[in-house]
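Shared between the two complexes below is subunit A, which pairs with subunit B and subunit C, respectively.
Here is the complex of A and B:
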């Protein structure tokens, strides 16, 4: 530690640990304070030292003094101060009271994935009184790059995430009471009452889940049970954090000093209508970088500790923090945006009379518990996209058999082959299986106003092909691409048929030279399944 | 008409949460937009949206950005970093130097 010249250096003649402590304190102050202030403190400390030195020069202490009771003049430091939490208690805004609050807090983490991992570890480490962990999933190998609470060993053992995370949190801090809730977050049947009971046992809830239906359910539960919600989300290289159902300052318009704090928005207030299911992609589909989701989970833990220490009464304007790990402009890596307040016509937290005027009713506890609020239907089922008719789709089985047969045909000349268009993005093709002879035109390119349709049309009519098959990972994008191609051709031939300038058969806008345009249902996922389960070898 | 009023105003349009995918994979667009809409009214956020679709969107899936004439659910519109509902929603009249940010909600965890 650096020392100022004002500090007498005693280190040469073996100081007692107490004197060491004084010296340390001096250096600590000296490091952080303006010189004039340091001087004052140092001279004060000098007098403390002189006093003690004075004591030491007197006669040796009478041993009987040690048996005396000093409790009327001396109170020992609270045990908590010298506990494992000492370093966070040194932060003035936490101190003893803050730690006492942390030690008494009951926190529920829903979802033990990429967000829940750091959140649970930090909150266990900080010593929250009761840490609830809720999830119904098992640990998988593909989780480990970001879900740092889990270990390879948990994958080998096929452990549920709750058990795996509970073990890690307990290993980290045996003082923290970790409660596992291995259950599906669902309502209706016996689930509703159970979920309600679990949530009611906590003060603050962290939404670390990964789909809109659960996010709305968690928010509604928190509104009904008056729990503050810390919500986080991340995908690819971006993340978002927001506090919900939280005290906000009285409306700015009201200059009334007695105005009470208001309740902030809930998830429904911010997002009254869920996004369409085809806009909602999981991390398993679009990817996520470990430290990005880790940063968001860590911020959630930090927000939670602030809520615990500062108290749930403290007001704060509704905001959302945006994080972009790889921004074009480095200044926009972190950004806080101002959100609207609570909606008076919110189905979860709105005002009864305002809702009534609109012919609406607020969601009640009973409705929720009994499963009468259908979250899955509300958010839409992200079923497989059905854009093509069944006649426009070829099964993976059929595709593999046809291709295998063709390959075995001796007279290749007579068989026209399909143009196979792989609509995955280039990086997906690179990491995935491929079909021999296929061409890669990503869906985003097909959908752009560009030349890809003309390119495909030229291939289709080059005389070597009589059909076109689109393929993607799961059979969704391929349908969109096939529909786009079919539409483009229909318009083209209808126009030609109307003008009569057409040499080819164009009955009903159809092109008689082409046998089939469609996709491989289920995409590569389905093809791989057929190959795994049948004797058909890949072409 | 005010003589001093310029024909175009310069604003910044930003997309996050994957929306940039629809706009040539570019997150920040500095654009110069006509100060008046087709009817001669001052350009507001409502008339900005079709302008964006026509001029900077490079993907034909408009429905991923606009549904039934307005911004699709799950997208927050921020005017100078504040929720547009605090600023008069789509009636907000754009000014030189404004920043309009479109945030698509993330769900992953």
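Here is the complex of A and C:
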């Protein structure tokens, strides 16, 4: 095959190559068709023939010149077009400009877990110019079912997630510049300025984190630094995707009177009130399916690429995508909710005068950098429930010793055993430790179904029992359940006392047949601790 | 005694709400009773876990948004503080302006929900 050198040259070698090329083109016809046929075709293609004749009749000097340098009539395909990105460049809305934008984009992924895994891999694969990875965690075995950027080897080596993900992204695409930021996302002290500096080095931030406080912090940082934020979250079989704080081109902003803001809503605009800390559970507690969080992370990567290709501007109305992997109705797997634009009274991105009217002030860069915005306090912490008196609680140690002693007693008839009510949800009981002879009535049932209380009362008063002990994982739900039962008993006693029924109660208002209603303080967590550290065997 | 399966009352309530009424006894009027006019409440994330892991609930139309949330609080005590306070709400896939402050407040609290409407409770999800 003739070689075409990249730099046009006038050497004899170059000339012969080009002549070979011309001969080759002619031979495409000549070798495979009878000469007469070739001539027929050529006669029909009048313009081609004329052109060829023209070449032949022109001075040989011109021909030589053409053979040497076609650069004035011929530009080679851009190198990018035949690069590894060819298949995505074939999409008309991406093309060359789109890929050039992708190759120049600087993207920061905060959190290299279930969301950050597919997001980092797809963005590295797509060839973003600079890919920042921020996390402070190490890879653990329980991560691998969903955090597909990491490998078993990273667990064995005890690698930080940033290093593990960086290695995978670089292996996938050596052309992508991957920058690791092994740090905790925190403000205050020297951290604030550092975090600002990191964020400022990127165009788009992907929030792939796992707690509300960090989500509000990331959003506020993006507002202050005018960075587009792609936010995703997933739990169990559901997920959400939001595109936030994006630039709205002036034309679109003026055409749409409801969204005059220069940027789209921020996380605070969409969720001004943080979730109740009792309802916030991490993946470690609530559970998550790999493909679900993977779908959300993948959608985040797709949204990021769309925004890059569009030149970091968004003209569409803000929306929130909801994903339910296993819906009852298959048509409701994906839903898109239309949102309103930025809130004028938003503490992060609102209008100064609107906030002032309400006696509020916008969060400033200094406040944030110096750590004066307390995100943890804003989101609250789940406090241990304290609704039982100490006399209504039994320690795990006491419980185990009492039960062990009872088991050793020969005359079982004489000892009335406690009814042990496990208030965990059935699936938690299935996967967790159990106490022999306990019954499972989830707290949700106890709270909502009067019938559960009646059933428990019947058990308590069946003559074989004299006490009732509630137990759960940590000793919070068990207190709520015990309180509910205690109240039900008190009401029952009062009703009986009023109607003058015979003496089920004693002078101090307690039922003489019942020795104790309460819970096991600290629940199974405390029981396991005692068993681990003492010679007491579980009953 | 494991109280994990659906209670008899639950099943009966479900049937009453979701199954067509039994056919009228022979010889009586053939006219069909009007189908019950209801709207659907979609529960996402923590709203779902708070309501016994139900994906959706049906309510009789018409009803205002405020009345709906009062009814929810009656059925699922504490849902206002624990879930609604931080949630966003949608009617037929569009955000509506409502905030839970003990009761439902906002521009759209008196919005009337009609038969076949689809209301969504969307709490923030933060894990990943």
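Here is the rule we use: the second predicted complex is superposed on the first by the 434 of 539 C-alpha atoms of A that agree within 3 Å, B and C clash if a C-alpha of one lies under 4 Å from a C-alpha of the other, contacts with A are read in each partner's own complex, and residues count from 1 in each chain.
Note that a residue touches a chain if its C-beta (ideal position, glycine included) is under 8 Å from a C-beta of that chain, and two chains touch if they have at least 3 such contacts.
Quick caveat, the model's predicted, so the values are computed rather than measured.
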Fit-or-clash call for subunit B and subunit C when the two complexes are aligned on subunit A: clash
Contacts of A:210 with subunit B and subunit C, given as first, second, both or neither: both
Subunit B versus subunit C as contact partner of A:101, first or second or both or neither: neither
Touching partner for A:426 - first (subunit B), second (subunit C), both, neither: second
First (subunit B), second (subunit C), both or neither touched by A:452: second
Common interface positions of subunit A, toward subunit B and toward subunit C: 111, 113-116, 208-212, 215, 232-235, 238-240, 270-271, 273-276, 279-283, 286, 288, 293, 320, 322, 324, 327-328, 332, 335-340, 444, 447-449
Interface residues, subunit B side, partner subunit A - complex: 14, 16-18, 21, 26-28, 58-61, 64, 67, 72-76, 78, 81-83, 85-86, 101, 103-109
Complex interface listing, subunit A residues touching subunit C: 111, 113-116, 208-212, 215, 232-235, 238-240, 270-271, 273-276, 278-283, 286, 288, 293, 296-297, 320, 322, 324, 327-328, 332, 335-340, 426, 439-442, 444-445, 447-449, 451-452, 455, 459
In the complex with subunit B, residue positions of subunit A that touch it: 111, 113-116, 207-212, 215, 232-236, 238-240, 270-276, 279-283, 286, 288, 293, 320, 322, 324, 327-329, 332, 335-340, 444, 447-449, 484
Subunit C residues touching subunit A - in the complex, by the definition given at the top: 1-4, 7, 9, 42, 44-46, 48-50, 52, 55-56, 75-77, 81-83, 85-86, 88, 90, 93-95, 97, 99, 120, 122-128
